[in-house]
Amino acid sequence: AEVRLPFWSRAPSCWSSGFNVPPSAQFVARPVGVCSMMKLPMQASAAGLDVAFVGVPLDTGTSNRPGARFGPRQIRAESAMLRRYNSSTGAAPFDSLRVADIGDVNSYQDIVASGCVPLTLGKDRTNVATVSGAGTVPWDWCTWMLTPTPETGLWGRKIYHGSTFRRCVDEGLLDCGRVVQIGIRGSSYEPNPYKYCREQGFRVVPAEECWMKSLEPLMREVRAQLGDKPMYISFDIDGAGPRLRPGHRHPGDSRAHTCAGEGGSAAIPTFLFFPCCAPFKGGCSTSTALEIIRGCKGLNIVGCDLVEVAPMYDVSGNTALLGANLLFEMLCVLPGVKTM
Amino acid sequence: AEVRLPFWSRAPSCWSSGFNVPPSAQFVARPVGVCSMMKLPMQASAAGLDVAFVGVPLDTGTSNRPGARFGPRQIRAESAMLRRYNSSTGAAPFDSLRVADIGDVNSYQDIVASGCVPLTLGKDRTNVATVSGAGTVPWDWCTWMLTPTPETGLWGRKIYHGSTFRRCVDEGLLDCGRVVQIGIRGSSYEPNPYKYCREQGFRVVPAEECWMKSLEPLMREVRAQLGDKPMYISFDIDGAGPRLRPGHRHPGDSRAHTCAGEGGSAAIPTFLFFPCCAPFKGGCSTSTALEIIRGCKGLNIVGCDLVEVAPMYDVSGNTALLGANLLFEMLCVLPGVKTM
Amino acid sequence: AEVRLPFWSRAPSCWSSGFNVPPSAQFVARPVGVCSMMKLPMQASAAGLDVAFVGVPLDTGTSNRPGARFGPRQIRAESAMLRRYNSSTGAAPFDSLRVADIGDVNSYQDIVASGCVPLTLGKDRTNVATVSGAGTVPWDWCTWMLTPTPETGLWGRKIYHGSTFRRCVDEGLLDCGRVVQIGIRGSSYEPNPYKYCREQGFRVVPAEECWMKSLEPLMREVRAQLGDKPMYISFDIDGAGPRLRPGHRHPGDSRAHTCAGEGGSAAIPTFLFFPCCAPFKGGCSTSTALEIIRGCKGLNIVGCDLVEVAPMYDVSGNTALLGANLLFEMLCVLPGVKTM
Amino acid sequence: AEVRLPFWSRAPSCWSSGFNVPPSAQFVARPVGVCSMMKLPMQASAAGLDVAFVGVPLDTGTSNRPGARFGPRQIRAESAMLRRYNSSTGAAPFDSLRVADIGDVNSYQDIVASGCVPLTLGKDRTNVATVSGAGTVPWDWCTWMLTPTPETGLWGRKIYHGSTFRRCVDEGLLDCGRVVQIGIRGSSYEPNPYKYCREQGFRVVPAEECWMKSLEPLMREVRAQLGDKPMYISFDIDGAGPRLRPGHRHPGDSRAHTCAGEGGSAAIPTFLFFPCCAPFKGGCSTSTALEIIRGCKGLNIVGCDLVEVAPMYDVSGNTALLGANLLFEMLCVLPGVKTM
Amino acid sequence: AEVRLPFWSRAPSCWSSGFNVPPSAQFVARPVGVCSMMKLPMQASAAGLDVAFVGVPLDTGTSNRPGARFGPRQIRAESAMLRRYNSSTGAAPFDSLRVADIGDVNSYQDIVASGCVPLTLGKDRTNVATVSGAGTVPWDWCTWMLTPTPETGLWGRKIYHGSTFRRCVDEGLLDCGRVVQIGIRGSSYEPNPYKYCREQGFRVVPAEECWMKSLEPLMREVRAQLGDKPMYISFDIDGAGPRLRPGHRHPGDSRAHTCAGEGGSAAIPTFLFFPCCAPFKGGCSTSTALEIIRGCKGLNIVGCDLVEVAPMYDVSGNTALLGANLLFEMLCVLPGVKTM
Amino acid sequence: AEVRLPFWSRAPSCWSSGFNVPPSAQFVARPVGVCSMMKLPMQASAAGLDVAFVGVPLDTGTSNRPGARFGPRQIRAESAMLRRYNSSTGAAPFDSLRVADIGDVNSYQDIVASGCVPLTLGKDRTNVATVSGAGTVPWDWCTWMLTPTPETGLWGRKIYHGSTFRRCVDEGLLDCGRVVQIGIRGSSYEPNPYKYCREQGFRVVPAEECWMKSLEPLMREVRAQLGDKPMYISFDIDGAGPRLRPGHRHPGDSRAHTCAGEGGSAAIPTFLFFPCCAPFKGGCSTSTALEIIRGCKGLNIVGCDLVEVAPMYDVSGNTALLGANLLFEMLCVLPGVKTM
């Protein structure tokens, strides 16, 4: 059931010793071919994989600028530049793990059940939830998701674009003492918007604490805090502009989070969410983003996502290109990735 | 070896009675999935197909604005809007022919040898040549193609971006009395740029003769002239702006051609090329383009291409969307397509 | 309760003799001021008005490219160029009718109840419905509208982006023998996509019948057919690219319609919908659009809308500018508008 | 004092037999070199020339969207595609006339005094005036031009962006019975905006009379009307969006004019102005524009301009490319241009 | 005379306890409504306000890229994302001050006379001057402003785009020992362009001194220097590209200034101007900008402006979005703003 | 043979005391005139110059996004903002050196032979090589450059877009112990992509070592290492997106290099190459770029280039504007430039 794109027939056998590898530009020119993530083979399911790239072309929960539904398409297109090794860290993910693109999401539960780590690209975060054998998978939420139309309003309903993590808390899906939120910023409806989060036990690191310095010390603390229990990375690239922040009745959510959760009695994975890195809005720089992701090396990552790439607001394609690179960086810090 | 994209598993069996059909948006939302042409299945070769969509991401012969190398990628993305039937003509190509996307070109000779009609998307026309069992296939030309760099110059070399059809004449690949060029326009290096073409026997229809009127009468004449021998459609959408026109030593080529060729003793197919339809440059309108393509119904079409989609110059995506629609229209006039 | 923008204080009294008039650039420079439609005064309700401009910033039903939610904002901005008279037709709407901008929709029922003609700008057409004292107003539909997410699908639900007019038929809101659809085009899921419409009694005029000719003869026929009963104009500018066309289970809807309805026993107004006029997709030209709207002069128009302006896909602003002009043209053909 | 750009040293002597010729792409690749108009040599004055291209990078009179100041720069860049002959009409301007680019305007009077025909590119029309030995040259007007700021207002002053031709009438610079305005459109401040023009004797041809038909009959009438007295072509491409139309106190001006003037006792040249051809606003199509310009062949043209190219609103560059082509077409209809 | 936009009727009474507050997205969706600044109510004058947002859609003094005239419109549109509290600083401006949008400038003197602090958006800085009961208000300057046309030149005239602060010095409007300029950069006509400024007593902080470090120490010094006398913040976002820098005859001006002025005998307010923060030109980063503005907390701010947002050069809207955020930050540091 | 553009006649004599100087905006408004680099005079050769700006409009070696062929045109256009002095460093290049624009490259050997320092703008780096009396000049390489077409492949050929410096090593053109590469980043085909470079003796400084700190200490070390032997600066602005990095058979090349070479026995100049500074991809910031260039003051620079400006991917023009500024900064650190 593995599907290799037609151009794969050109790659020499040395490229495919049991693992999938992005084909070298020696064999496949950059603009060639139907765009799977990093030109990897496609599979209809996560069966047999260690890691699966999966798209979620969904932006129904976006309250201001829509368009993230085209994020996965554009990230796949720009990922044509990615190569086999991480020259900065020496990580060799494709020598270590079996990776493929499994298309856009059919059933997240099946992915999780397969034992595969999902790397999710380009949705809004309406549906981010637990990624776990025990927990509810995000896309079950779709069925009761509500859209913020002018007439119906958003409020009064429990589930909307900005309420994801509040709902996770409500449902006991998070190990709140291991949730870390990095890079929070922006105006708010509440005078103290972090109060709720901190009461739950989240560590909240505002954007101001990320300016003009290395985050390596912070990440050492994060690693110590999270330990070896499962955790999840959610990264908000915010190419679509600032998103809806939670209203005063739902202060538990915020634009950027680093959450580590092990709720209830089940083996709920830990969450870790990162802030947007678009430089013009007081967020963190790209190098900060890289430091955060690379700083997760050694953690027990069970899933990752990158959200809020909306291609039509960046005609250069650079936001999607950055998204593709950040997903590669996430891949490089997964457990089991060897360093050369 | 046929490859159905993951989302195909969602389509009900009624969609796949021996033929491939673009999946309905009932089953696959527009933004979902890795972008094959019209979301059709992919194959590694043309084997077993009646018609193959094939990309040629190539623009090395472009003398002014490059970028057509990304044409196939963008046409595939925008083709997500296409559906099963042509509501204007009643054509039902997917009920009549087995169609797939075979990725970007590996070997054009293999396509032709398979007996399949190629519909080629998004290259520049450096390499358009004969499509025939007997003739030279276009991409063999790649090996001796030269790039118009400032220093080396373009001239003095036989093969370049604007010389395709002149070379076809030189090599006897065209049945010159059956070549029709529609929509020629622009400034030229020669006082009489159509002289060479007409001396060969081409019918040259300048853009001025296409303005503000129906081309149905013209197409009746074209059908009579071309008869039932093989012919080929090459359509220049010219999204990249006006291309290099031939210098005074190569007057046989021009921006837009309708050529019908049966050169030498072999069964060389006939060529038919259409003009660009971008409205702002004195070319033909979109409705004119549709009349020309629809006017080919009944001809013995053995191949088609659409060239010069360069996405970065049209951030709206509309040129690629038009390209996708024109390729669908070409599909609808192929021999054997039933009308409902 | 009428609200004049601050710059109105500069306009001399001669401009405001009981009617609202777009301020001359003599008094208010083009870029000045908060953007109401045509710089007209704003009111919180339609009370006392003959005509109200009202925005519906809504695109939740869009299946491919979202963004029409920003259409009203951009149309208002570009409407700064509009002036008092129609130099082509001599129409003097502001000397004839009391017109204002009432902001974005709060309650469509209130508008209709006020006796005011709504001119609606920039939504998608998910929610277009009857405009009548007796009929259901469109925005009541919002409460049970469903969003086409990948997982939940669109089908199986009765109401979605492409089903508006099918639902109107189902509910008996249309006088089907007076519905006219002009400019239908595109591929379809059905071999005969117009069959349902024609069975209901709609007149369907495909785009091909609008090419390269004046539509004045057609509009004479339309006026004769519609008579003096109420009718409604819905115009699809399709700036967002081709929209979802109806699936095979919902053939009653199509992209562009001219419907005249007087369903059931109540005084349901007649509908008249026009096709998109973006030239690059085989639709009608701008001049065709103007001929259609101007050809409605004399009809008993009770409401108008212009849909599918999605500004982010046209960075020039020209689609919104065209939208503003077409809304002005609709205003000029309303009953009671004097000609100078 | 003639200045040949460095790349001219590459062109063989056969190209330069007393006349300047756009260098062939055989010798100078399209993207090469500092951009003079059509890669022609530059001169510091019009001395010795029959025709001079001259830029006026000026948009201070623009009331809505500024940016035409960059029109000459962009038109020059896009003119790199132009070649020696007009393949549609056979015109051979560079075999007939000595043409050069004289940079941006220093003194228009000097140009006129040299006996050279100016082809003016890319300004707004604030300063268009008479081009004559006897008349006032446009750029003297600069010294008393006023800018439409919000505070100072535009009115009460005699000279502004929309008043050019009204002022020409006031000063007796026009032979009003020979002024022709083609393609007038848009909303107006006056119920009868053409009344003033027609009272002066102008022929006013609204845009509606140009739709969907050949303008060859019109141009035959225009040629008969204008006779062999001098005339001037002013063409509004309107890439910047609709411009300020005249207020009610200045009805003599309008967006697009064809004026033929011989005012007073002096040999004031005739004016002929053409409408914008951007297709999306109800103006004329590109083919209409070409018919109008080509229809001027045989007239005694003493000057031409192309106004309102504002590059930042058309990131594709196509408006500037069209502008370059239209200026080439104007060149091709000048008196003395041979047809091959 | 206060004008609440129609959508305000939806906001519950708790939002409007004497103060104006940006409506929550609970009540008004982001894309809804005519765009006032932060969706605040509009007033025709500054009467009764503590703070007024006022636009100046003016770019006549721009020597290179025009377009800032559309800055206020775009800043208002993007300000729809702003909320009630500053989550970074805890500032609660809407719980402390009465704020409204008073449209675009009618009379700056009236604003100042009302005792209200103006926050000015989106002009070029041609007209920035003193904001004081005693001083000349900026827009009186409009009447003698000159436009840099090619022919008339800019020099020889006293007032132009780059001379604002030089003129302020000449007229004794500045307390030069309290003027601080932060972030100066770029090439210059003078070998020592800061000489004049420093001779007047300005503190000049070049951009290089702002790189890669916190500006909190600098701002402590600035606060000590400025003391409790009135001061004014002028912030150049420079979205339009580098502006004209002063010529050798006008060295007193420069692109970015922080001026504190108390000229002559009158209570002239102090000026403080900040540099552009577009990251790609060697200016300061966004975080630096935020540090500067936040570092003004405690100063006696009597007015603020943000200049040089030219939307057409940033199709993403991000520059305007940043501008809206910076104006919010200025609001948050005004005297009397409580911290929660 | 020096060519002064027409507008130079307006500059007073004081500007031209033996040296060329960018004309002040006092005499030539920003948008005026045919665009030479910094509006400097043009010459057909480098004769008599100390420094020549020369364009190389070439992108045939680009494997992903083409378009750098238009880099020189756009850099020249945006360079209209540059002025005479460097206000940050006090450098006065135009008081020290004779500088002109010599158009696009005809013969690089002639430039070098003239003793002039070339500052090269806007090509891809396919052809960068030695700049020396003894070495091979880059554009001789053009004649054997190969284009990376999909079919012919790139590999198996010795010369391609990513192999420049590997070939320099092979040919002994570099003094490898004096080559410094700053800012290397991105994924790679090799687990240890810097191994080859370091084996040759290059100093490789990855991007991570440039984050969030001043590079002044690094540049002190670089200056000590390079000494007073000739060196060359090559700067990759990477506006076109990440370029092809070397394959495993060609590890000697990488995206960004600082190479100092004195190969073999001849006086081969030293190379110094800098990294891209586009902030969104983990590269260095603009301020870092400025620190590197300014840190070269005192070195024996014999040539400079700036590569990879591809204007169509940045419609704001800011990348080209940055490129123009960086070339000005390079000019300011050339030997012999006085500081005021």
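Note that the chains are named A, B, C, D, E and F in the order they appear, and that numbering of residues resets to 1 at the start of each chain.
Assume a residue touches a chain if its C-beta (ideal position, glycine included) is under 8 Å from a C-beta of that chain, and two chains touch if they have at least 3 such contacts.
Here is each chain with its UniProt name: A, B, C, D, E, F = Agmatinase.
Keep in mind the model is a prediction, meaning the values are calculated, not measured.
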**Report entry** Chain labels contacting chain B and also chain C
**Finding:** A, D
Report task. Would you indicate which option in B-C, C-E or B-F repeats the interface seen between D-E, with over half of the contact pairs matching by residue number? Result -> B-F
Report summary line: Farthest chain from chain F by C-alpha centroid distance is chain C
**Report entry** Whole-Å gap between the CA centroids of chain E and chain F
**Finding:** 38
Requested in this report: Provide the C-alpha centroid distance between chain C and chain F, rounded to the nearest whole angstrom.
Outcome: 55
Query - Junction residues of chain E - those touching two or more other chains - result: 29, 31-32, 57, 69-70, 104, 149-150, 212, 278-279, 285, 313, 315
Requested in this report: Check the chains against each other and report every pair that touches.
Outcome: A-B, A-C, A-E, A-F, B-C, B-D, B-F, C-D, C-E, D-E, D-F, E-F
**Report entry** Touch list for chain B against partner chain C, complex
**Finding:** 24-32, 78, 80-88, 90, 92, 212-214, 278-279, 285-287, 290-291, 315-319, 321-322, 325, 328, 340
**Report entry** chain C partner contacts - residues on chain A that touch it in the complex
**Finding:** 56-60, 65-67, 69-70, 104-105, 139, 142-143, 145, 147, 149-152, 312-313, 315
Query - chain D residues within the chain C interface of the complex - result: 63-64, 148-150, 153-155, 184-194, 206-208, 211-212, 241-242, 244-245, 247-248, 278-282, 285, 313-315
Report summary line: Per the touch rule above, chain B residues touching chain A in the complex are 3-7, 9-10, 29, 31-36, 42-45, 55, 57, 69-70, 72-73, 76-77, 101-104, 106, 315
